[in-house]
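Next up: some structures, all given as structure tokens.
Paired with subunit B in one complex and with subunit C in the other, subunit A is shared by the two complexes that follow.
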Partner chain A sequence: MTRRRDMAVAFILLLPFLAIYGVAFVYPTIDMVVLSLRKAPLIGAGEWAGLDNYVRLAGDRLFRIATRNTLWFVALTAPASTVLALLLAMGVARLRGWLQAAVLACFFLPFMLPVSVVYLIWHWILDTHFGIAQPIVAAVAGRSVSIFRTVSTFMPGVAFVTVWATVGFSVLLFLAGLRSIPQETSEAARLDGAGRIALFRHVTWPLIWPVTALVLTIQLISHLKVFDIVYLFNLRGRVDETMSLVQYVFRLAFQQNDGGYAATVAVAILVLVAVLSVLQFQLLRSRGQ
Partner chain B sequence: MPRLSSRLVAGVAAAMVGGWLGVGQAAAQQNVVWWDYSGGGDGVRLKALLARFNEENAGRIAITNTTLEWGTPYSSKIQTSAAIGTASDIALYHLARSSTGVSTGVLTEITDTELASVGLSKDDFDPAQVAAASVDGKLYAIPFDLHPVVVYHNAERLCAAGLLGEDGRTAGMDGKEAFSAALQTLVDNGARCGVTTATADGGTLWRIYYSIFSQTGGSFFEDGKFLPGDNFQKAVDAAEVLRGLIDSGLMPAQTEYVTSIALFTSGAFAMHINGLWELPTMVDLQRKGHLFEFGAMLIPDVFGNGHAHWCDGTSFVIPANAGNPMTPEKRKAVLEVIAWFVRHSLDWADAGYILPCRQVADQVQHLEPQSFYGIFPELVAAAHFDPQTPLAGPAYPIYDAVGDFILPAVNGEMDTVAAFTALRDRLQALQDALK
Partner chain C sequence: MTGATATQAARLLAAAARRRRLRVDPMGAALTALTLVAALAFFFPLYWALVTTVKPEVEVVRPGLRLWPETFTLEACAFVLTNSRILVWYLNSVVTSVAVTLLVILSSLLAGYALSQIAFPGRRLLYGMILASFIVPISALIVNHFLLVHRLGLLDSWAGIVLPQLIHPVVIIVYKQFFDAIPKEYREAAVVDGAGHFQLLFRIFLPMTTSVTAALAIITLISAWNNFLWPFLAQNSQEMMNVTVGITQVREAYGIRYARETASAVIAGLPMVMLNLVFQRQITRAIVLSGGIKA
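This part shows the complex of A and B:
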């Protein structure tokens, strides 16, 4: 009886969430899959197309480029950002008091900026004619380079800006992980004669591995869905060669009024994110054990 | 105390009577919802006009305006909200977008009778504007302004190079070779570069490119085909003109929009190609004493076929709200609003736009003190609007294709013929998919 009552209470408490989840997520997702089987504009039912959109997807050069760009972006950002965040966190952890707070705030500040502001800052820093970083670029490349209008430098450039803007959040996560390592464990290892490198390899690293896995997973998922920063930097430029997958959906749906095919690409992204997330999670878990 | 309570009663009574009167007033008053995309200096001028309208028409018509993000966000909002019947009663719209708006069922037709009911007619506007505002002979938009592309020049530098005539007009720049030679002369006379434009910005590049292309006499889109027949070669030729300027160092490559303006206003560069909407920027700078003597001229006639340049216009449209048709009273009010703004477009023209309506333009013929106002009639005569296809207009597929193909071709990163082959095939495929 009590159990049944518990169930009823649980159900009543969960109902608002389930209702919103169903209306705002489950239903649109199902609708999106249905839309991917139709030849439809952005607004309107269109006509049944069976698997036509999926056949088109298989031979779509732009979809391949967008997939490649997205994976390239993840590869450039996720590992670099994780390693950098760990190094910064270990540095910050050694500081004390207000100095630690001040340094932490410096790293965290860019994370609080809206993406549009991040874009404007770096757009000016790297402007071909007036950018204050162009002398450095010119020293390396031998001439001024329009970083965001040159296909080969576009993704590394955007990845650099993304790491700059988002590393602060990962630093916080690592810092929390480092603080949770019991002092006794480190002291015991030190008493046993472990040096700094040995201490990191055998104590710190294994103990913060769960945080590392978390940081990598969060980045993988968020960067696979990258849109805003790539969109801002390639706006009115060579979008074909530099766009991300979500940007391709945006272009198809809102600029080309091709709702059905846009839904098909969206389904492909959903599958890609799900598969890669599960794969990574399994991989990291086995590594952790 | 009693005095206070009697005051209170009187106050409440007054409020009730006032409220009742207010309700009576609201029933007679038409509330018009207005959407626009003017956020910059022109937005300030537009809001001043809106305030004036509301003041003059208090109790009769009240406009509530919202300014939205220009480009794709603006047009998709109109499209999606019209589909569920919640779009505004009036919207500002680019003339170049008329075909797109009609093909997606967003716009309502404005009949001759409706125009006449507010004292306007198609004859008040230039035929090219009416054509750009119409689809299949039906009018869907009422022009508010025209904004073509012009060449701004540093009069001091041009004078020193002997390129400015007694009448303040440029001389010896028409023809491909003559134009390059003139730019070279400017460089020889100390300019860091001949001319700047936003070569890294697909939108700007389209306007400049389409200007040069229009001068070939070619047709970018005709009978459902992109660049048919010899138009393809003309398209390549036009791009080669711009590429030639970059290759010879007379125009800087990969320059962003604001940078291209700053390079000119800093005085280092002799000329700058951009829309007439940057005129207030120049005028304001000059008023503050931060700018040299400058002038505006038509883009030189490169191919010897006469002047031609890209032009677009802001216009008013009445969105088609699905399942939520407008009452005749509201429609009448909306048309009245539009006519009022067209008649008051002089204040808006101050934002660097050309008056579209002859009724207004004729009144101010005598107001042409500065040289750049003198070229306005020529600018209207040589105006070329975007190709009439749903793929045209700001932030739509043609603009995208410019960034993907014309931009790398002009900046020397892609073979011109290969770029235009890819551009033509892309746009043709999208056009065919519309059927």
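This part shows the complex of A and C:
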């Protein structure tokens, strides 16, 4: 009796969540796989195509370029962002009181901004004619450069902006990790005459590397899904050469009305991210044991 | 006794060592200075956007680094406020992101409670499915979210913008773990008193969740407010744009006017910056909580 009532209560409590998940998650995911097997426009009837779209994917030059761009973007952002976050967090951890809060806010505020605001700010700062950073660019490159309209500088530029905008998130995770290191441990080491570098190598690093692994893998996976910042910066640039994988899905579906094939590329992204997520899970679990 | 004295001695020595370190530590001072320089460098772009916003256009395009406006003006802000639909976009952003937050928090709270406190068949399977849903990137679903919302006839509406943003498995898991950690005695006492699940949840557990709910709500609100991809796809009129989308779509309408562009960026970014300054603690907590979950 009570058991049956328990089940009824559980069902009622789970209902809103189940409805949302069924409609907004499970159904679109299945729909995506089905659509990837069809030759169909975005909206409207199509025909069964079997694995044709996947065969097309294998020989698709633009898919290869988009994959390469995405991996290049991840390579430019994830490691740099992780190392920078650790350094900044160690710097913040040295400070106390209001100064610490203010410095942390400086690193974290950019993360609070919508991506389009980040885009407008940096588009202005790096503007070819009037950008405040162009003298620096000119000093390095010998002349002013249209960073976001030049294929070779596009990804490094976007990666730079992305690191600025997102590193604050990782700083917070590192800071939480650093705070969990017992004060006695580092003090005991200092008392033993450990220098700064020895202290980092033998005390901080062994305790902080799990956080590092976590931060790095979160970055890897989230940057693989990059779309909006790349899309905004190449709005009037050379889209084919600089687009990311998710942007390719967007182009196929919404600009070329090729719904079936767009779903196929989306499935490829899902597989890529899923494989990496499982690897991440394994990696973090093996460290836990 | 000797042990206690030894610890005390060690503590005194450590304190002395720390004091000595504080006094002559050029390396430490250099590191602190470096951190402060980095903080200024990170802050500068925000500052520069602010300063550009309050300069007249002629001053904005004058070469050279002018850290302070010669003439202070709110002309650009006034122009953006009166000549674009930014107030409508603000309304759209507020309505949709508050709706997302309320729905996510409420549905996750209820589901988290059920998963934690009620033994029903399929519980482990359901929990496993929620964990598994982490590996599906939402941005890969854009095509089929679009089709879904189209089929429901919700394109270009608030509901259509909200629906696909309701997938936040991490919130459920935080709630479940929170309820798991509440001592069994509370529940047992409530059952003895003849309280059912609803009373237990709303009278006893809910007040305990205040701080975790605040943290989760703020981070959900921020992510909904800042979301670009879906609100960008789900509308096709300026009337239904969120502020994050709107400010990128009307650049052409201004002509090349840098102060106006940065003004729109500043106006769009301000609420989140304010929110962060007020709720820094909750935001930090939510990020650390959900970051831990991803492990």
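A few points about this structure:
Heads up, the rule we're going with is that the second predicted complex is superposed on the first by the 259 of 289 C-alpha atoms of A that agree within 3 Å, B and C clash if a C-alpha of one lies under 4 Å from a C-alpha of the other, contacts with A are read in each partner's own complex, and residues count from 1 in each chain.
Just so we're on the same page, contacts are C-beta pairs under 8 Å (C-beta built on N, C-alpha and C of every residue); 3 or more make two chains touch, one makes a residue touch a chain.
Owing to the predicted nature of the structure, the values given are computational and were not obtained by experimental measurement.
Touch criterion met: A:Val117 reaches subunit C, while subunit B stays clear of it.
Once chain A of one complex is fitted onto chain A of the other, the partner contacts of A:Asn257 are limited to subunit B, with no touch recorded for subunit C. Subunit A has more of its residues touched by C than by the other of subunit B and subunit C.
In the superposed model, A:Ile136 makes contact with neither subunit B nor subunit C.
In the superposed model, A:Ala198 makes contact with neither subunit B nor subunit C. Looking at the shared chain after the overlay, A:Leu42 reaches both subunit B and subunit C. Of the two partner chains placed around the shared chain by superposition, subunit B is the only one that A:Thr128 touches, whereas subunit C remains out of contact.
Applying the stated contact rule after C-alpha superposition, one finds that A:Ala75 touches neither subunit B nor subunit C.
Looking at the shared chain after the overlay, A:Ala101 reaches subunit C, while subunit B stays out of its contact range. Of the two partner chains, subunit B is the only one that A:Glu241 touches; subunit C does not reach it. Overlap of the subunit B and subunit C interfaces on subunit A: residues 42-43, 123, 127, 129-130, 254. The part of subunit C that touches subunit A in the complex is made up of residues 10, 13-14, 17-18, 21, 27-28, 31-32, 34-36, 38-40, 42-43, 45-46, 48-49, 52, 60-61, 63, 65, 103, 106-108, 110-111, 113-115, 118-121, 126, 133-137, 139-148, 150, 163-164, 166-167, 172, 196-198, 201, 222, 225-226, 228-229, 232-233, 243-245, 247-248, 258, 261-262, 264-266, 268-269, 272-273, 275-277, 280, 284, 287-288, 291, 294-295. On the side of subunit B, the complex with subunit A involves touching residues 72, 76, 79-80, 83, 104, 200-204, 252-256, 259, 262-263, 390, 395-397, 399-400, 403-404, 407-408, 411, 413, 430, 433. Those residues of subunit A that touch subunit C in the shared complex are 6-7, 9-11, 13-14, 16-18, 20-21, 23-25, 27-29, 31-32, 35, 42-43, 88, 91-92, 94-95, 101-110, 112-117, 119-125, 127, 129-130, 132, 164, 169, 172-173, 176, 187-188, 190-191, 196, 214, 218, 221, 224-225, 227-228, 232, 235, 246, 249-250, 253-254, 259, 262-263, 266-267, 269-270, 273-274, 277-278, 284, 288.
Interface residues of subunit A facing subunit B in the complex, by the touch rule stated above, are 41-44, 123, 127-130, 146, 149-150, 234, 236-241, 251, 254-258.
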